[in-house]
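Structures for review follow.
Paired with chain B in one complex and with chain C in the other, chain A is shared by the two complexes that follow.
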Partner chain A sequence: MQEAPFVLLMLTDSLTLAFRADVLGLAFLTLALLMWTAVGIYALRYKDHQENNGRFFAFYLLTLVMLVGLSLAANYVTMYLFFEMMTLCSVPLVLHNGSAEASSAAKKYLFYSIFGATLGLLGLFFIHAYSISSDFLPGGVLDAAKIAGNEEMLRTIAFLAVMGFGAKAGLFPLHAWLPAAHPVAPSPASAVLSGVITKAGVFCIIRVIYFQFGAAFLRDTWVQRSWIAVALLTILMGSLMAFREKRLKTRLAYSTVSQVSYILLGLFFLNEAAFAGALLHVLYHSILKDGLFLSAGNILYQTHLENVEELKGLGRQMPRTLGCFAIFSLGLTGIPPFAGFLSKWELAAGALSSGLLPYAWLAPAVLLISAMLTAGYLFPIVIHGFFPGRAYRSEGPDTGEAPVAMVGVVGALAAATVVLGLFGAPILKFFLDLAGTIFL
Partner chain B sequence: MNLLYNVPAFSILLPMLAGVICLVLPARASRRLSNTVIVVLALLSFLLLNSFLDGAPTFTYRMGHYGAPIGNEIRAGELESAMAMMFLVVMMLSLMGGRNHLRSDIGRSKVNLYYISVLFLLSSMLALTYTNDLFTAYVFVEINTVTACGIIISKEDGYTLAASMRYLIMSLLGSGLFLIGICLVYGLTGHLLMPNIQEAVNQLVQNGHYQAPLQVTIALFAVGLALKSALWPFHSWLPDAHSSASAASSAILSGLVLKSFIFLMIKIFFRTVGPDVMTGHAILNLLLVFGVLGMLLGSVNALFEKDIKRMLAFSSVSQIGYIFCGIGLGTIAGVSAALVQVVVHAVTKAMLFIAAGGLMDASGGRKDFDALQGAGKRDIVAGAAFVVGTMSMIGLPFFAGFITKLTLVTAAAGTHDWRTYVSLAAIVVSTILTAIYYIRVLSLLFGRNGSEEQDGEVRGRRFLSAYLRRHLSMDTEYILAILAFIGINLWIGLRSDDLVDIINAGLATFQ
Partner chain C sequence: MMSGYWIPIAIFLPILGGVLIPLIGFSRAKTREIYVLSVVLATSLLTAGLMIAPPEGAVSVVSITRTIDIAFYVDGLGTVFGVLVTFLWPLATLYAFEYMAHEHRRNTFFAYYTMTYGLTLGIAFSANLITMYLFCELLTLVTLPLITHTRTKAAYVAGVKYLIYFVAGATAAFVGIILFFVNGGGLDFVPGGLSAGTVDMAPGILGASFLLMFFGFGAKAAIFPVQDWLPSAGVAPTPVTALLHAVAVVKSGVFAIARLTYYSFGAAPLEGTLVQKIALSFAIFTILYGAIMAWKEVHFKRRLAYSTISNLSYMIFGILLLTPAGLVAGLLHMLFHGIMKIALFFVAGAVACQSGLHYVTDLRGYGRRMPRTFAAFTMASLSLMGVAPLCGFMSKWYLAQAAVARGGVYAYLGLGALLVAAVFTAIYLLTIVLRAYFPQKGYEAAGRPEAKDPGLYMQIPLGIFALAVVLLGLFAWPVAEWIRSAVAGTFI
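Let's look at the complex of A and B:
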């Protein structure tokens, strides 16, 4: 039995603003706090590169507050409120440098997010009308008597609500804000945007599917198949777009679109192994993507270079940054023993054991193709950086390695990649146990 | 309770009497008289509402010495007294908030004439709320039309003249259709009192006589009142009228005048035609479709506006669409959601228009977006009101707008057919469109100050006290009005059960 939620206030006599710390919420909260701290330390040094820092850090911290509220939300309306507030607080981070491109990217972010949240709001209202309790309960809260005859409508609403929250997680077709917002936001902001805020969308999807509608209600339906199809499409599309993209931060943004859909794919298979793999990938991807964005930030800070082709021969000047970038690339591609391998393995295992044809074998195939594409869009950066070829003559001044604090944070994340990759099994076991409590 | 029986009649007659007295009073005295009348009536309506909530039954009150079936009657219940209170409170706050603009827009010598119009307008709105017969309804519909024009045209410039001419023509067309409907009903049933008409209509339907004229009558009532409440596609008079008028007038027009006609329409559907005939009637589907189109097209039009008051006016067209979407669902839950939106929109839109007035003041009297850059920082109370208004319009929990979305979606979910999907799709799309144009204005208001950077801009606490020092003495009423509006918005958002219960209890005894 869960403990009773802490009710802050009652909006109506059935909708309350309430908080509860359960294992899933605390896990997400811990991830958010750790990433925020690491990137915050980085930002304290990076801020010399930008203006209006008071405003930046204010919204940086406010977004964290909203994330705390989101992870500890005990019911749908509280979660929705903090989700919207988090969107509103993170828009100024995208808007920060005030350029025309930033302004249009911020608008895109805002409107995609609000559209998605409104779809999620529909989910709230229907759950409210058809449920036994408005709290999050593992296995769902639908009242069998009330929903009789309306299952198709509720399935449609579940589909729309998840697609709506998926906008935040970069799920096709509402993913277009990601490649627009990342290059214009300051590097620490891009890092938390990709690393944690997209996972807020994932978190909301977990709550909606597993704690409100219930996996049993959605298993083997057109809804599940559509979700899986969309996730697979996003994975492939994100990887392909990243492969073609020349601007480094935009390439990393498309990579996020692809990688977060790995997580969503795991969630959509509705079995324990895939779920645990998805959660593990949440952890791994946060660390890896934050590391990649912060490395890009180092490069930007020192050399002001934005395009991948310009990074040839960078390894001579910034060996530590590029070395960490290499570790993150290995992890993201899914090469043992780095973080990223175990989660993909578990995802594929979960897909194969699900018995949902044709996705049971199609998903691991797509994961494999995507891994090759990931290698294709990340490894060349490292290789050309360290081995530019005999004909290469370095142009531009040698501005040296990034400041110690920034390299230090990136290095710490790289170390975490290695350690968590080597010792991933206990973490996976933790997530499998968690999955066991959710899949009743 | 005995004395409280007189409150509805008093509410109608007292403002008219005060209006006549205002003819001979100077500006300040007429303002004081008007405020006193509104406050007194608000208190009386509150007492009346309380007595109903304590269990008193609804009552009808005969005006004059002629009883049914030929006399005039008014009827009071929870719903009517709650609506009356809403009209009175919002009118009070609108007049307080727009007071400074009255001086500059109208000219001191004619302010008392403005208050005459306002008082007669108030009287007509309260009469439409309480009326129980169609004849009274028609008389006060006409008074409403004329005095609404009066408050637009009291600000004398070319725009208001053109706008109020257009308003007058379209509104009189609506009244004309309404009058033809009344004549037809009188011809069919021989009655003008609503309960009597309902009995007769039920008999007609049972006997199967005069079905075509009956349908035409219902259509005439619906279209006539829809013209006056700015349902799409009958809304074209609204943007000009609401944007050219003075701040207080815009607030009253958008927030209250439209609602009085909507309430009359609901009353006619419930009490004159009767739920037995109205349930499943095709006219409701038509109202739903027009409401949905209004929700979408009002927002689309607002997106293209570069003038803040026109944008707010088109936003009103969109929000009125929500109300008709609720009515068009054809269920009690739908009408309840529509009434919730009536209250919420009145409170929110009046606040936004008053705040727009303040922002215009802080931008040299101009209302186009170029001039309003950074106005939210220059007039921080108006900026705060705009933030609250935006959050309410988007429908964030905590604010009143969330409650209307909640009740409307729940009502739409209750009808398990095409109406559910159409309403839900419209709500989602119009929310995102609303978010776009409101947040765009917000970022404009709190953005850079344009070319006029103030040297040594005071920051932080000193900024707030500097603002207060500058404004508190002159604009006390304006600041208080906005704070009161924000407070009401948050109160509805946080304690919506009070409002929703009153509306539901009122609807249960509405026939």
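Let's look at the complex of A and C:
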């Protein structure tokens, strides 16, 4: 039985700002806090590379505050409030370096986020009118008597609300802001944008599907099929765009678009195995993507190089950073025993066992193709970095490896990749048990 | 309970007080300020008393014929509008003192400005259609010199436009009133309108008279296609645009629509009719039109004017849903929007006054130059955008819930329009905030270098409004319940 939520504010007799710490919320909160701390330590060293640090750290921390509120929200309106505030607090991070490009990226971010949040608001309006309770309850809160005759309309609303929150998660077609905004932010900000803030969109989608509408209401409907189709499209599109992209941080941003849709795919299959795989990938991807962005940060800090082609032979100068980059690449591609393999495996298993044709076999196929593309857009960086070939002549000055603190954080993330990969099974079991409590 | 005769006294006090200003001919600003503020405060206190202890029944001031008279009363709906007006007028007057310090012919300005207060109260407390019509006309005439005050070419063009729209609107409204009256409709305002009596009006007549009055009085509420006077009116001094065109004139239009819909016609006779659909369609279109035009517009005050056009139609949409929830929601937004929009206009005026700047693209870095001003702007913007738990979110919430509860194509279209407009609202307000606080590297601040936060007469109202959007958001529920009880009995 769930504990009663803590009501902070009663806005009307049915609309409250309330908080509750359930397992899912606490898990997400823990992830956010850990990643924020790791990247924060990194940022304290990286900050010598940038100006206006007071402003940067103020909004860095404020965004975390909003994430805390989001994780612990007990109902839709509270979650929506903190979701909007999180967007507003993270815009200054994108704007930070004051360039025209940053300004334009921030406007794009704002527009897409607000548009998406407004679709989420649409969901709130209808859920409130058609539910038994405005709280998050496993299995959903729809009132069978009230919704009678309006099921199709509510399914459409669910579709739109999830697509709206999906904007934050980089789901097609509201993904275009991500490749613009993530690269232009300072590297620590890019890391948390890709690694954690996208997962806030995922979290909201979990709440909306599983705790408001209920999986049973949406299983085997056109809504579920459309979602899966869009997620598969995003996975492929993101991987292809990453493959073609020359700028390192933009390549990583497209990779995020693709990878977060792995997570969404798992959520959309509406079964326990896929769900657990999705949550495991939330954890793995955060670590891997934060690691990749912070490595890119190291490279920027030391050499000011932005493009992939310029990184030939970097391995001589920055062996530790590139070594960690190699580990993250192996993980993201899904090579055992690194973090990233088990989550993909479970996602594929969940898809196959769902019985939803043709997606049951199409999804694993797409995951496989995407893995090959991932290898294609990550491995060459490592290979050319360590083995530039005989014709290579080093051009820039040898500025050496990045400062210890920064390399240390990246190394810690690489170590986590290995450890969490080796010990993935107990973590997966935790998520499977969690899934058991949500799928009623 | 106060005696009924205080009602015309409250209305005519500021009118008389205003007329006396050019006759006395104040030569020192300080003396004039004391006089005007005294008149305004006295009126507000008197009106507050009337609304707390309302007289029973109507008081007839002039009988034109046996059945037609000029009469006033204080009822729930009038109180809702009255509260907004009485609260805002003293604050707006303070603001006007500072703003007009560098303008000319201030005696005439404050004469008309103060008279407008009385006329607006006259609309709020009208007891029948003829009285409301008369005071709406007088409002147009008395606010016209305020629009043309600066005597520039643009001001005269705006004035002519203003006059044409409102004379046309007045004619339409008058024809509608006549049509309604000769076919058995009562001139007196009664909760429930036609439902309260036994009149059986032909649907064609009912519809035609309603539409004539709707668009006639609705010209003040800037509904499409009679909205174009409002952006041009931005050429007036900001106290005029802020108070009159974000509060008094436009809300009079919305109030008039609410009054005639529920107290002359009634919800039941109009429910499901073609004219309801027509009215809703125009409101829904205007919501989108205003929001998109605001987004495209770069002149600061005109952007806010288009925003007002959009928001007024939120109110009209709520009112024309013809459900109790819809009416309450529309009136709630009337109150909350008045406060948010007057705050935004006051900022635009303060910026223009201090820096000479009129375009939003010039406001780079002004968050640092005028910190308190832009702090107020940010609060009002967040509220208007619909960030919980500020008051703008709450009124949108009520509107959305009313729409979802009613259901049907028009309600859902309206809801969609509301949400699309919300996206544009966020963009056209936040871009100003972002530009003010996060200018690009190496920017140069535009406008007069000595620009800074304005004086106390402007800062105090801004501070009060910034606080109000928070408090009203937290206490939106009691306010909505108060409105609900104020309009109880209108659904028969």
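What we mean here is this: the second predicted complex is superposed on the first by the 440 of 440 C-alpha atoms of A that agree within 3 Å, B and C clash if a C-alpha of one lies under 4 Å from a C-alpha of the other, contacts with A are read in each partner's own complex, and residues count from 1 in each chain.
Here, a residue touches a chain if its C-beta (ideal position, glycine included) is under 8 Å from a C-beta of that chain, and two chains touch if they have at least 3 such contacts.
All values reported here derive from a predicted model rather than from experimental measurement.
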Superposed partners chain B and chain C on chain A - clash or fit: clash
First, second, both or neither for A:H128, with chain B first and chain C second: both
First (chain B), second (chain C), both or neither touched by A:M318: neither
Chain B versus chain C as contact partner of A:A100, first or second or both or neither: second
Which of chain B and chain C A:L252 touches, first, second, both or neither: neither
Chain B versus chain C as contact partner of A:F115, first or second or both or neither: both
Chain A: partner with more touched residues, chain B or chain C: C
Residues of chain A that lie at the interface with chain B and also at the interface with chain C: 9, 11-13, 15, 17, 77, 80-81, 84-85, 107, 110-111, 114-115, 118-119, 121-122, 125-126, 128-129
Chain A contact footprint on chain C (complex, rising order): 386-389, 394, 397, 400-401, 404-405, 415, 419-420, 422-423, 426-427, 430-431, 434, 438-442, 473-474, 476-477, 480
Chain A residues within the chain B interface of the complex: 9, 11-13, 15, 17, 77, 80-81, 84-85, 107, 110-111, 114-115, 118-119, 121-122, 125-126, 128-129, 149-150, 153
In the complex with chain C, residue positions of chain A that touch it: 9-13, 15, 17, 77, 80-81, 84-85, 88, 91-92, 95, 97-100, 102-103, 106-107, 110-111, 114-115, 118-119, 121-122, 125-126, 128-129
Of chain B, residues touching chain A in the complex: 394-398, 402-403, 405-406, 409-410, 413-414, 416, 420, 424, 427-428, 431-432, 435-436, 439-440, 493-494, 496-497, 500
